[in-house]
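Should a chain be cited, it is by its letter among A, B and C, assigned in written order, with residues numbered from 1 in that chain.
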Amino acid sequence: MYDLEFDEKKCLRCQTCDCLTRCQYIDIDRDTAKVEMKKIINAEDSFVLHQCVTCYACEEYCRKGNHPFYLIVDRQEHLDIPPLPQPLIKQGVQLGIPWRGDLVVQDVKEPVIDMCMFPQLAASLQGRLFEGVSIMSTDPRQRAHFFCQLMYLHYARTSTIRERLPRIVENIARHNVTEVICFHDECYATFASYAPAVGIEVPFTPVHFFEFLYHRLTQVKEHIKPLNLKVAYQRPCSSRLSPDKLHFVDDIFALIGVESVDRQYVGENALCCGGAIRPQMYDGRYELADDVQKRNIDDIVEAGADFCVFNCPACFDTMSHLVAARGVNPIFMSDLCRLAVD
Amino acid sequence: MSLADYRYRDLIHRCFRCGYCKFPTSYLDVNNCPAYARYRLESYSTGGRLWLIRAWLNDEMEWTDHLAEIVFSCATCKNCTEQCPLPFSQDIVNMIVAARCEMVERGLMPAAVQQFLENVQRHGNPYGAPRSKRAEWFQGTDVEQYDGQEYLYYVGCVGSYDTRARETARTLAHVLKRGGVSFGVLGDRESCDGNDVAKLGEEGLFESLAEENIEQFKELGVTKVVTLSPHAYNAMRNDYPSLNGTFEVFHYTQLLNELIKKGTLDLSRGFDARVTYHDPCFLGRWNGEYEAPRAALRAVPGIELVEMERSRADTLCCGGGGGNFYTDFLGGSEDSPARIRIRQARDSGAQVVAVACPNCMTMLEDAAKAERLDESLSIRDVSEIVASALE
Amino acid sequence: MDSVLTSLKAIVGDTFASNEPEELYVYSRDLGTTEPYSPQYVVAPRTTEEVQDIVRLANREKIPLVPLGGGLTLAGLVMPLKGGIIVDMKRMDSVIEVNERARYAVIEAGVSQGKLVAYLHKHHPTLVHSEPGAPAQATVGGNIAIHGQGDLAQPYGFNSDMVNGLEVVLPTGEVCRVGSCSVSPHWFTMHPLPDLGLFLGWCGTTGIITRVSLKLYPAKRIRDSGQFVLEDANLVPDILYRISHTEMAGDLIAVNQELPVPVQGLHIISIFIAGDSEEEVEFKRRLIRLGILQEYIRRGDGGLIGLSAAVRPRLPRRPPISTIQDIKKGGGFEYVGAILPVDTYPECCRRGADISSRHNIAYTLLARVIGSSHAMMFSWSYVFNRADPETVRHAREALFESDELAIELGGIPWKPGVYGQKLILERMEPNTLRLMQQIKALLDPNGIMNPGNWEVSECPSQTTGTET
């Protein structure tokens, strides 16, 4: 049930092995990559399964849309090669258990923004940009009922995702919505990428938050005051699962008059915030996380950014104080847009 | 009375008496609850009071004068609300007020409370003074009766009757005039705003006062109200709307601050003094307005604004809230909150204590005299300081 | 008016003495599960002289005296079990002296933990005391009278190990100073004789502590923390032992609790470190992380959160804000704390979870390392709903069972309630008990001090007078 759609032949025939050779964290040549992917396909042990930092990027690097990352985490679980120590996996898995009451279906009217596990951020969705919008998952006690579960890719617990996701989809669907704007792009990726990849039916259309923001901004164009700021965007791991939506970042920046600074770690070359890497089992992960964060933030600072813009609350939590300490203001994309709209 | 009928029956047992409610955020001292500061017995702490209320409602305790005194000694200053870490913190003062309601309904209240309420009922003010004297404060001035001006200047009971507060009321009127504000007053048509009546637990009287005020405001076409007292500001801003009385309500410091920002008031004469500002509870903790009065003071040339160790949400109440400016359950001691507060003002190095509430004015002036600080420390309303600076 | 009340009012002033039912009601109730016991009077003195006058009055009239600090022991230790006068010490709250160079503070016993933290932070920011983690109004005097332990327990031991000297009003009314202050103007050491042990831990049964000299310690500029998460309780003692060996941690706490659900079944060791420079802190982090924890991480036995310059530390406020009492929306919780060998941690957890389960209370278990893993203070906490007597009964029974468990595991219930005291005295070596009896009889001939607690006079060895 809910098997991953992974075309082995397509993968074995692949001449570039971009998925592994482009990995920013494992140094691997094409021939080795071919051998290791074969092992992974055959559910055999591979050093890749141990060294993978779960940055999701190979999903984007694969030009064939063949879900190499989903396969890697499936295999990590199957072969019991967890990226994280077991107690942290247990803690993480328990985080998604609803324990403070059954789902209370909210009275919402489209357009609806789903806050998933971040109801505490709902309060910032105010003002002209969000007029007439209903918000789903506004009660911290209820949030697990809306939790998209995709975080468990970092935990190599795809079984947990597949076990719980149908219920989450049902919980959202009970709100009688045809479209759901996903505040966090992890949710968007869940419904637009992961669910189809494993055959879970989603009876509503997910909308990427940035797509919503872009369209709203165009509707209130006359109220936009260009910010004239230099910004750097911290691209989150889950954005790798929806690269087709990445252009909205630049589209929004253009609308609100901010300049995306020219730097090394952007787009497909973006670096992980480090939050997923640090607690992993593999030796040297603290040092790797420090190194990744340093390179990333040095790059932001040297490029002259005034603001570091986030979509993912986890990235924000991991990096905001670090960029702030270097004189760069951390801000959510939604707040940046609000700054531009009077 | 039984616990089952009490509005907060599902909450009141949840107070653990951990005691955070006694402190300011800094924890520098345990006396930021005015009643506990005065008596220093657990019964007078917020937790002790809640446990006693529950015991009374549960029939574990008989009503006594002393119980009533404890219940009515709370100044409703909301320090407890600010400090309590538990989810029901917003309802702590409501729990006490609800217990007062039960007592008032049964006629079980201290004599001073009864007197306060009877006076308000009969005369529209707690002092029992004739309504006709309500207009005396502006006699001989060019203050006009309200007749469709932009603002209704609501003076309130203390400003209308207390000798010292009348000066403030007049000064504010003068400043508003100089600022070009179009306003009028109700004079002897004005009645008590009811804020402290509500806090003393006389809900019925509060509602009738509020409804009368609302009706009168509506009849006169009032849309904007500026109040001298934060108490009136609180009632009109937070309680009147549920009685169908929605007006744009301002505390005068907010209006002054706007006038200053617009440059309507020429403050170039300045006011050379080291000034500390005492936050009134009903402006600060009850309504979150900490900045407007400070901004107004900062705009006055010559003022060196210094903060007391406890300010803003950590302010120590003067002890006059919740009717205590009249009932005086917290007076008569060097541990009276007003006297502690005036010593804190002295310790700030200030020469002037700026107040923005006529109740605080009277409480702190008396305290300064009792502490023999009245020569070195003057109590001035923000409007008076602004007036002094007017060219 | 009642003559005792008249005398008390004459001593402290009208405001601060009462025998009104309202005061008696409030002071007759502990925050924990102990049944109410009503005093006859409540008095709040301001000076040592006033305390002396109160004690002389009580001794003359043979009225029990119960000294009260913040009233937060939860174990009923300040309940007037035999009536009498509650002496609320919280008005005696002046900081008298802080000697920076010798790192001590002389304070009145009613100074709250909150005030001492704030006072040092404001006036002597390079110094801290071992803050016990109770709500801010817990008093320093009350805390050391029950031994106490705080956030410097791992490097320096119990709070009662940090006392340099005391001023005590003896049960007969004399003021007695112990420690260097009995000889010298400096309150810098507990020496010479007699020993502080005459008063510390006695829960106010041998006198009323009015002044305390408390050792202070260097306050470091940077604090950091890490949480090490495990499933296997059996690994915890070893990890605690090894971390304490590094001498890098300031406070070491292991927690195992059923709620919230994400931490259920996990043991979370909180490691607190501090340093004056980032280099110093990083040195400590690395020593603990790479030297100790890495091998558990590599095996997958444990995972580390924090303990990195890049991760915001999870630091409790000092004093912390506790909301555990509201878990059941019922305003009540109480715990049994016991001093135990760290090796008993797994069994303490396992059996503690059993007790909780039997009484339908979510388990909440905590161990704080005392000294270089010399011991731990283990606590079994039980929340209850004050408005539901059945939950109070369950909590009370669970507490009794926890006292018994602590004794069974070779531990010493810490600040035990009457039941725990009884279990200790029943097992006490007869000559030790006899010594306690002699001390008590000598210091408190009329048995007025907090009677019902440490009731050695009611133990059999005195009546038989036998020696072994």
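We adopt the following convention: a residue touches a chain if its C-beta (ideal position, glycine included) is under 8 Å from a C-beta of that chain, and two chains touch if they have at least 3 such contacts.
All of these numbers come straight from a predicted model, not from anything done at the bench.
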Touch-based graph of the chains, sorted into line, ring, star, complete or other: line
Chain pair whose interface holds the most contacting C-beta pairs: B-C
Chain A and chain C, separation of their C-alpha mean positions in angstrom: 47
Mean-CA-position distance for chain B and chain A (Å): 51
Gap in Å, rounded to a whole number, between the CA centres of chain C and chain B: 40
Multi-partner residues of chain C (at least 2 other chains): none
Chain B to chain C touching residues, read off their complex: 13-20, 22-23, 26-30, 38-43, 48, 51-52, 55, 60-62, 64, 66-67, 70, 85-87, 333, 335
Residue numbers on chain C that touch chain B, as the complex places them: 15-16, 18, 20-23, 25-27, 29, 31, 42, 44, 70-72, 88, 90-91, 93, 112, 114-115, 117-119, 122, 135-137, 319, 321-323, 325-326, 329-333, 385-387
Complex contacts: residues of chain C adjacent to chain A: 229-231, 259-266, 289, 294, 296-298, 300-305, 308-312
Residues on chain A engaged by chain C in the complex (per definition of touch): 82, 84-88, 90-92, 94-95, 97, 99, 274, 278-279, 281, 283, 286, 289-290, 293, 318, 321-322
